[in-house]
Every structure is written in C-alpha cells, then in structure tokens.
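What follows is chain A paired twice: with chain B in the first complex and chain C in the second.
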Partner chain A sequence: MATSTTGDPSRRKFTINKKYLPYLLSLPALLTCIGILIPFFTAVAYSLQRYRLSQPWAQKYNWGENYINFMTDPSFWNTLKVSMTYAFVTVGVELLLGLGIALLLQKRTRFNNFVSIMLLMPLMTAPALASLMWKLMTNPGFGVLSYFAETIGIEDMRWASDPSTAMLTVVIVDVWVYTPFIMILLLAGLRSLPRQPFEAAELDAVPRLFVFWRITLPMLTPFLLTATLFRVIESIQQFDIIYAMTQGGPGDTLTVFQVEAYLNFFQSTNVGRSAALLMILWAITYFLSNIFIKNWLRLREKARGGA
Partner chain B sequence: MQKNSNLENVLRGVAITAIILFFMFPILWIFLMSFQTNETILRVPPSPFFEPTLTNYRSLISGKLEGSTATLEIAFMSNLYNSLFLSVTSVTVGLILGVPAAYAFARLKFRGSEDIAFTLLSFRFAPPLLVLLPLTIYFQQIGLADTYGGLIWVYQLIVLPLILWIVRGYFEDIPADIEYAYRIAGHSFWATFRKIALPLAGPGIAAAGLLAFIFAWNNFIFALVLASADKQPVTVGALAFITASGINYGQIAAGIMLSIAPTFALALYAQRYLVEGLSLGAVKG
Partner chain C sequence: MYEKEKKLAKSYIDGKVSRRSMLRGMASMGVTASTAGVLVNAAATQALAQNGFDWKKYSGTTVKLLLNQHPYADAMIANLDNFKELTGMDVEYDIFPEDVYFDKVTAALSSGSSEYDAFMTGAYMTWTYGPAGWIDDLNEYIGDDSKTNPDYNWEDMLEGVRKSCAWNGQPGGALGSDDAKQWCIPWGYEQNNLTYNSRMFNEAGLTVPTNIDELASTAAEAKAKLNGVYGIGVRGSRSWATIHPGFLSAYANFGQKDLNVSDDGMLSAAMNTDVSRNMHEKWVKMIQDSGAPDWSTHTWYQAGTDLGAGKSAMIFDADILGYFMNGGDNAEAGNLSFAPFAANPEAKAPTPNIWIWSLAMANASKQKDATWYFLQWASGPEHALFGATEMDFVNPVRKSVWADAGFRSRLDKNYPGYVEMHDISAPGAQIYFTAQPLFFDLTTEWAATLQKMVANEVPVDEGLDQLAQSVDRQLKEAGLG
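After this line comes the complex of A and B, so read on.
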C-alpha cells in the first residue's frame, strides 16, 4: 500500500493525457468487440421470436414460447442429453489419460521431452481435419481400423454410420485431439510443484501410491480444475468434429447443441428455435466460464508470482 | 530411483509405446496414404508397403484431377491460399488492435479496465454460432457477406482475446521502473512504448501471434457459416472433398497433409510458448 501511494504522484507528473490514454489505446479493440456484441443481442431477440427464414413475413415476438416449447420437445431433451454425455465422456477420458501420460513423462529427460512434443501434433491438427483423417481410417471399404476391428472379431463395424457406435467414434476423435491439451497443462503443473514435500516423503520411504494421493494430487488440483473446466466449456460446444464426421447423424444420435442449432437454422430455417437453443448453451457456458475465470485468475497470479 | 523394479520399467515402456501408437498412428497412416494410388489403398489387408508416388500432390497443386473418365478441376490450392491469407491478415489486424490494448490493460489501471478485459475474455468461451447466425443476416444487409473483410473481422473473435491476454501477461512482467526511467529522461509516452515496452515484450508478442495464427488456421465454423466456395479455407474445403465424386482417397490424404503441415511447423517452432498460450497464461511452460 505504502509503495503504491508514493509511486502514484510521480507517475502522474509525466503522463499528462493519462486520463484518456488507456481508453484511446484500447478503443479499437473495444469497437471490434462491440461489433460482435450487437449480433449477440440480436440473437437474444431472435430467441424470443417466432422467426422462420422461409416465412419472413410471419416474424413476430412470441416471448418465451420457444423456451416453453422445449419442455415438451423430446428432440430438445435429446440434444441436452447428447451434449452432456459427449462433454462428460470426452473430458473424463481425456483427464484420466492426460494425467496418466503427464505422470509418465514427468521427469525432464530428453526422451520424455521429445515424446511430449510429438504428442502435441494431434492438438495442432484442425479438429475438422482430424475427423476427416479418422473418416478415412474407419471407411468400411478400405479403412485400416475397420480391418483391425475385423481381425479382432468385430464383424462389419460401421463406426460413425451406426447409431450404436457413432458416439464412440466421435469420442475417440475428440480424445485423440484434446488429450494432449490436458497432458501439457498437467505436465507443466507437475513440473512446477515444489520439490521439498517429495524429497521429504522419499527420505521417509513413504509408499508411492500414498505420495500420489496425499501430495501430488492435492497440489495438482488447481491445474486439474483449470484443465477440466476449460475442456468442459469447449466440449459441450463441440461442433467441428461432430459436424465433419456425421453432421449430427445418423438420425439424431449426435445432435449436440451447436450442431442442432446449425441444422435448425440452415435446414429447417427455424431461426427462433436455433437462437433459443444457443441461448441455453450460452447460459451453461457462461456459468461454467465464470467459475473457470476465477480459478484461472488464482492460478495465473501464482504462475506470475511464484515463477 | 533404484526402487524401480524391472516389471515396472517394462510396464512403463508398454504404456508409452501404446500412447505413441495411438496418437501418432493416424498421422503416419494418412501420410503413407497420401503417397498411394487408389489401387494400393483399397488392398485387403491394408499394408504399409507400397511403391510411393507423388501423383496425388502433383494433381492437387496443378488443380487438375485425372479421373478415369474425365479431368476434374479442383480448387484446393485456392483453399490453401485462403487459409493463409485469412490467418495472416486476421493475426496482423489482431496484433495492431490487441497489443496497444494489452499495454493499456497491463500498465494503466483505469476505471473499468478489469471488467472490459473480462468481457473480452468471455468471448473466448461463448458459443460461436450465437454470434455467427445473426451475422449471416447482418452481413447481407451491410454488404459484408462473402467478403474477406467480414471474415477477418469475425476471426478477431478468436484472435483478439488470445493476443490480448497473452501479451498483457508479458507487459506485466516488464518492471515498470525501466519505463519510468526512460520517461524521466524526457522521452514521450509513445516513444517509451515503442522503444522500451514493445521490444521487451517482443518474444511474447511473437508467440501470441504464432498461436493466434494456429487457431485461425484451424478454425472451421466461421468460414463454414460465412464463406462461399471461393473464400473457403482448407478446413472447410477439405470437407467438400470427401463427398465430391471422382476424387481419389490418396488425394484427400495429400490434401490433409498439406493442410496440417503449416500448423505443425509453427507448433514445433513455438513449442516453448505453447503451454502458456494454450492456457491463456495461467500455466507457465
């Protein structure tokens, strides 16, 4: 406190136009973003309207009707269920796998660093292109994975085109792309932990499983939480992988929020329903991202101060 | 360290091998596929041994696919060019807009600065379609529909928050005293920003730019919704491939390889900054 009050007057002395400067500097960025806020409010308005692109003359406010209709709309509940399942399964698997890999690669050896850089490649692949790669590998005619499935006794595996395995297929692609994200976050977290508790535990010959549950995991929790929230927010909004793989099909097996909203808008031209769906998705992500940002700030503070 | 038993080392080796196999196999397989003709791709059982050919790459680059019945024109190179153009210009615009703003947020704590910074950050987490769908209607009204300008503006949605938050962190790492000293020596605010702050935050700005480029390059949904065929980047263009008739699988594979090569190269180059960038500065790499 004392230092900041002594620092302030001297600073004021040579920043004459200090008052307007920050606004001036950030104005262009703000204007760009305000341009993005306008469509957001338009979307709010659409969600309260009866609006079909095919019948523009019938556009009028029906207030909450789109939302009330969801209550009795089985396809809405299907969307909610599919999105939740997708987010829950992908993030769950990625978390376990990512943590496992991070623990395996924890020691800073040349080999481990090489492997961790190699594992970044899936993350650098555009998700839509990753879907395309897996589509080539799961093609029933020549796909190498279809062939593998057959050799281990699974006859006629149809991957994304079969309702019973479609979810599995897109989850595999998601896990392939995003596990490295969790892995590198946790790896950085693991390597930043203080050494003393581990050295003390080793001196006392504490069993390693005990060290993991009682020292590693609790100290890693902020990183786990950040990685999890980050991924849940993204995963519940997943569009690229699912759209590129199956466009939400077969049937409505994979109509997650954004895919369903996209199809509503462009295929059934039902703008009102599409916007209402997105508003519900936005509410979910807004809630999650608030928790995330709080946790993220704490971690950021620590990363800056502790480094 | 001597506590590691042999069994444990074996298990560790098996686990790492399995992991590398799972994550590397698709890239390797598509890479191999890109050097094959349909004949060898369609063989049963599939085999990694074949006589490699460059015809897939050659026909993609020349834009003419020699089918069995006719020659097919394909716009893959223009997709690649669109990706490059859209990513480079959006990152440039993002840096021009974002770096001064990041400096303002880092150095000059002004009223509402945190709130504004958070609003900007929250764009990173909102569903993109929420903004995109109304924009399709607006863009038609204001004449931005199907223009590069409109796309570059929308790309700021991903580029700007990333640049703002990473670069802000780098500015905050510079001790303010250096800048005060320079100011006391009689230099203007602008000169201090240009001669002191910018060069010191240079690596951070470069890293943010590279990461933003990767994100822009990999983006799919913006262009899918807003761009027509002649403005499409590779992510959208490649998808049209798989449904087009007369295209060989090897050519799709070659297209994928050409599309992911730039981000791979950049990631290798900027790997030191990846952790920090991907976590928006929450975790130091």
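After this line comes the complex of A and C, so read on.
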C-alpha cells in the first residue's frame, strides 16, 4: 500500500494513493471470497482425484473418472431422483400452504398478528430437534400420530420405517418446519402490495377469484420467486431431517445428495466421490439459482415498465 | 486413618488373604464393600509402583484423550487419580456422545492435529486409521521392556480379542497374523448373544431358542402370546452397525464369509452363496413376522431400550446391552436373563462377532512414550479389575478378571446366566469380517439391502446378487478386486 504525506511534518496527514483505493476498499470482500474460494477449489481438486483416506498411497488425479463413474452408477441416479423429488415436493407443498396461510392472515388484526407469530414457532426449532420430535410422534409403538392414524382406520402405519411412506414422513417434517418461512415472506409481500388496484377492483365488484389470479398473484410473483429460490436451494441440500430420521433409508429411499456425500466422507472416507457429489449438487444449485434470479430480474424490469 | 484397612487390602493384593476374608475383615472394621474396592485398588496401584518400573519418568507431562461417552470411560475417569498419583502425570480429556464421536475422531486424525494423544476406537475403525498413517503400531511399545511395566501381562488379554485388534494392513490379511500391527489395545468388548425377558418367557411358556429356526418361532410365539410386545429385537438402521452384531454372528455360525480372498490377494463378494441365501431368508422373515415395526430405524439404542422397557421379548445383540438394561430404572430390570446362541443347528458352539472398544495412539502425538504410560495403565490388569468389580466395565478383555471369583459371583448374582454365556461363547468370539479398507462402504450397503429385503422391495436372492455385484464393482474401483 502506498501512502503520501504533505505539509508540515508535525501534522502529517495519512492519505491513500487514489490508484490503490479501489483495491483497498474491495479487500474485505476479497478476503471473504478467499475464505470461500479456497475450500471450493480444494473440493474441485479432490473431486478430480481417486482419494480415499484409508488408501493414501493410491491418491492420484483420475480427472473426470469420478464423474464418469456416476453415469453408470444406479445409486447416483437414485440420489439425483430422490433429491429432486424431495426438493420439488417440499417446496411445492410449502408454497401452497404458505400462500394459503398468508392470505388468511393478510388483514392486520390483533388476532392475525398473534397467529402469525405463533406459526413461526416451528421455524425456531432446529431441524434436527424437530426430526427427533417427529420420530417420537411417528413411532409405530407409542407415537401420538400412529395412534391417530389407527383411530381413523390406518392400521400398522410405519411412517419413516417403510419405503412406501418414508418420503411422505420426511416431507411432512420439512413442511412443518419451513412453511412458516414462506408464510412470513409472502405475508410481508401481501401487506406491502399497493392498495389502489384492489380498491379499484372492489369498486367494480370484480370477483375475488379473478382478483387473486389477475392482481394478487402477478404482483406477488417476485416474493414467490424469492421464497422459492431460498427454499429450493435449501431443500435440495437437505441433510438434518433425513439423516436424523432415517439415515437415508429404508434401503436407498432417501439417500439425498448431502446424506450420500456425508456417508461417503465420514464413514467411507472416500473424499474423491464425496467431493464429486457435492460438485454436482453445487452445479444443480447454481443452475436453478440462475433461472430464478433471471426470472426475478425480468419481473422487476417488467414492474418498472421495461420490455 | 484407614491404616489397618490399607494393610488388609495390601495383604489381599499380595495373595496372603482371600477376597472373602478381606471383605469380612473390612466389614468388621465398618468398611463398606465399595470402599473396600477403592482401598484394594489403591493398594494395587501402590504395588504397581513397587515393581521396579520407573512410573515417574514422565512426571509433569499432560496427555489429552478423546473419549466416547461410555461406562468404560466413566470407569477410567473414576480411577484416574490413582494414575496421576502413580505417574505424576496429568490427564485431560474431551468426551463426546457416540452419535458424533467418530466424526470427531476422523476430523481430528485426518487433520494431523496433535491435540489428542490417545483416543477410544473400535477395531473396525483402525482398518481405516492404520493404513492412513493416523495411528501407531503399538507392538513396539508392548514388546519394549524399558517402556512397558513387567506386570502388564499382554498375554492375559483374551486371544480372540487381542488378535482382532491386530492387522497387517493388507486387504484380506488375517487378523492377528505374525506380521500384524497392533493398531489398538482392547479395553472392553461385546459378544453378541441372546438376552431374553424371563418374566415374559415364563408367562408365555416359552423356552430359550437354540438355533435360528427356534429363534424365529419363539419370537413369533412371543408376539402372539404377549400383548403389545414384539418378539425379537435386532438392529435395522441403514448402517454398518446393523450387520456386525447378531446378524454377522449368525451368518458366521453357518460358516459364511463376507468376502473371498484369492491367492493373489484380490477380494470378491462372498455373500451370494446358497447357504447365505437360506440364512438371509430366515433372518428377513423373522424380522417381518416378529421384529420391531420400526426396525429399519433401530440402532443399538432402540434395541436395548425396547428390551428394558418391556416392549420386546428378547434381543440378539450385544450382551452388555442386556447387562445395562437389567439394572437402573428400566421397567424390566431384574427380569432379564442371558443365553449363548448358535444360529446353525449343526454348529458346535456360538461364533459371536465382537465389538471391541479399544485405545489407540494418535500418530501425530508429540509425547508418545508418555501416552503409552497412560495406555498401559488404562489397559492394565489393575484397572481392568477395578472397573469390572467396582464399576460397569463389562466385558473385561483380561482372562485374569474373568477368573476373579468376586467378579464372577457379582455377575452370577445379578445377571443370571451371564458368566456361563460368556464362558461358552468366548472361545469362538472374534471379528469375522474380512479386514479391508472398504469395510464401512460394504457393510452399509449390506444393511441397505437387508432393509429392501425386509420391505419386500427386492427378493432375497435377487438382492444378494445385486449386493455382490455392487461390492465387486466397488472393490474393483478401489483396486482391491
């Protein structure tokens, strides 16, 4: 860094050469980036290696072999399918529920405010703890939900222990934990919408369903996209709920990316495969984020009267 | 204070009085049995200090341990003051619950950190840690008279257990071979046998099963006759830990192996034989008919607590799980009994696959000789006897402790059939897996395949063929097959 001094030496003024100022100002951001980029590029390097901690002598670059092996590995395709299914089902249900609740609570009343705060409680619970709680509630022997299932005629409901209901069970837990997030985001969006279009529609006695489809929903779309973006990114990286409830089982029913990568690294010490799985997850997340952000920007331009 | 009592304890250590006389003498001096145990242990430590070995060589040094939350760790901590007094060393430790313990160990060792000098491990884990260069071969310490006290008595360790902790690092290499490295020192171990609820068995008129067919029929009968109780508790989570206890003990009893080792050292899957198919079919049907409804999420914890809470009639799992469930606040405490179990009707004796909690030394440790002082004390005969008689340090790995009349009578009194079960199955107790670095990959996949079979997602024969195919592919990819 260059510095210059002017005037009376007893009253030296510390100045920075303008040439270096931009670099100095961007230094904190650069340091933060380094903190992210070094692990990222290390992971990229590992993903291109045959690297098992238990076979250090065999560590070498195999370049794309880990990725090529995925193409013929049925467990990889299963992981991809399970991860995408989980992400889209959970986010889809959460969006519908979150929107529905937000519409019900849209009017500012004491009761609605109280309910909206209460509904945030699941979001305050750590997902791993929520999973343990749900694991107890869905225990086929003594779980309260198993009892209710039996009272409505569903005998021998095994929840996360059965491949046919395991996905449903973890989706329910995810929906319980994260619907409040979408609800609060959409509620904020609904309450911030301009009143004029709705008042005009009311004066013209426009049917409510029409108002919803033609006014509310289009104006709410940026909020919906934001909520979807956050949730899809988070959901596709789900780990705690699934691992705490089933460890990815029964069989391969719930072996999502993060669970598979975790087991590959910590249990099998297969660093190369684990890193390659995470790289693919990163690519999917990046791709989906781009789609959402582009659409979000397009809508913003449209709202501002752009093309 | 306590001088007379200490003298009596020393006389017992020196073999001048019997245990019975010592306890009677202590009682006459108003000393309870537990205090007597503490005095005996202190006398044993003093005797250790007088065997000519320089225990104070590393006085002032501090060793740091990474421990799993476990009764073995509790027993060691309870006796730690004696080690400090004996050596003048200090000991620090971090304790983690088992759910996260091995992740912490992997992270600590793979980073090359010298924070921990020694840690608790299982023998299976050393098949990863050893070849990776994270732990030391302890043979060089055990065999060095200048580093190991003359009363350590390595040969006192049960042979099957001792050998199960030694491997030459060659995939498929026999455990305990002449060129094997002693990656860890056995501390305490678990055999897999039957623990059954004798109250329920009496109530339902059941007899103790002696082979896999009887096990399945008894479990089914228990479920049918006992309201709200399932017949048999075995582990079922999607983890290697599902395969190693009862399942592999039964599998090995039929003479089956996990992998074949060819003459050139290459490995291949061995679980799709006709005998294996037959055994798998029986196992799967037993779980479907009489296992826990949420079997696929059951770890040792659920298997144990269900037995203790009276939700299952028996378990085929770690014997110490039954031991702990027979005490404390468990609903069925005092109702549990133990029996050796050989799944194969034609087998002469049980072949329990074993889990061994062991102690290993971190290769990155900067004070290995001092660390070995701790390891030899913690795995020595004095501490083993203290733990077994005064704490819940079962199962001890030393023959001398199993020969101790006090220990045997304590077990006999409170845990019916435990000693007999141990004595019958101990000769066949060892690790029956093939030692190789992909252990966790292959056993986790085996567990996932079992889950699919139990859920009727795949027939047993097809599932085993798929498993064998996948195992062979993974071995090939790793250059092992």
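One rule holds in what follows: the second predicted complex is superposed on the first by the 253 of 307 C-alpha atoms of A that agree within 3 Å, B and C clash if a C-alpha of one lies under 4 Å from a C-alpha of the other, contacts with A are read in each partner's own complex, and residues count from 1 in each chain.
Keep in mind that, in the parts below, a contact is a pair of C-beta atoms (placed from the backbone, for glycine too) under 8 Å apart; a residue touches a chain by one contact, two chains touch by 3 or more.
This is a predicted model, so every value here is computed, not measured.
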Partner chain(s) touched by A:I117 [first = chain B, second = chain C, both, neither]: first
Which superposed partner A:R52 touches (first chain B, second chain C, both, neither): second
Greater residue coverage of chain A in the superposed arrangement, chain B or chain C: B
Chain B versus chain C as contact partner of A:G141, first or second or both or neither: both
Partner chain in contact with A:A128 - chain B first, chain C second, else both or neither: first
First, second, both or neither for A:L263, with chain B first and chain C second: second
Residues of chain A that lie at the interface with chain B and also at the interface with chain C: 135, 139, 141
Of chain A, residues touching chain C in the complex: 52-58, 69, 75, 135, 139-141, 156, 158-164, 245-252, 263, 266-270
Touch list for chain C against partner chain A, complex: 102-103, 106, 110, 127-128, 131-133, 228, 237-240, 292-297, 306, 311, 437-438, 440-441, 444, 447-449, 451-452, 454-455, 457, 470, 477-479
Contact footprint of chain A on chain B as seen in their complex: 12, 15-16, 19-20, 22-24, 26-27, 29-30, 33, 41-46, 96-98, 100-101, 103-105, 108, 110, 113, 116, 118-123, 125-135, 137-138, 153-154, 156-157, 160, 164, 169, 172-173, 180, 183-184, 189, 214, 217-221, 224-225, 234-236, 238-239, 241-242, 249, 252-253, 256, 259-260, 263-264, 266-268, 271, 274-275, 278-285
Residue numbers on chain A that touch chain B, as the complex places them: 10-11, 14-15, 17-18, 21-23, 25-26, 28-30, 32-33, 35-36, 38-40, 42-43, 46, 100-101, 104, 115, 117-130, 132-137, 139, 141-142, 144, 147, 176, 179-181, 184-185, 187-189, 192, 223, 226, 230, 233, 237, 239-240, 243-244, 257-258, 261-262, 265, 271, 274-275, 278-279, 281-282, 285-286, 288-289, 292-293, 296, 299-300, 303-304, 307
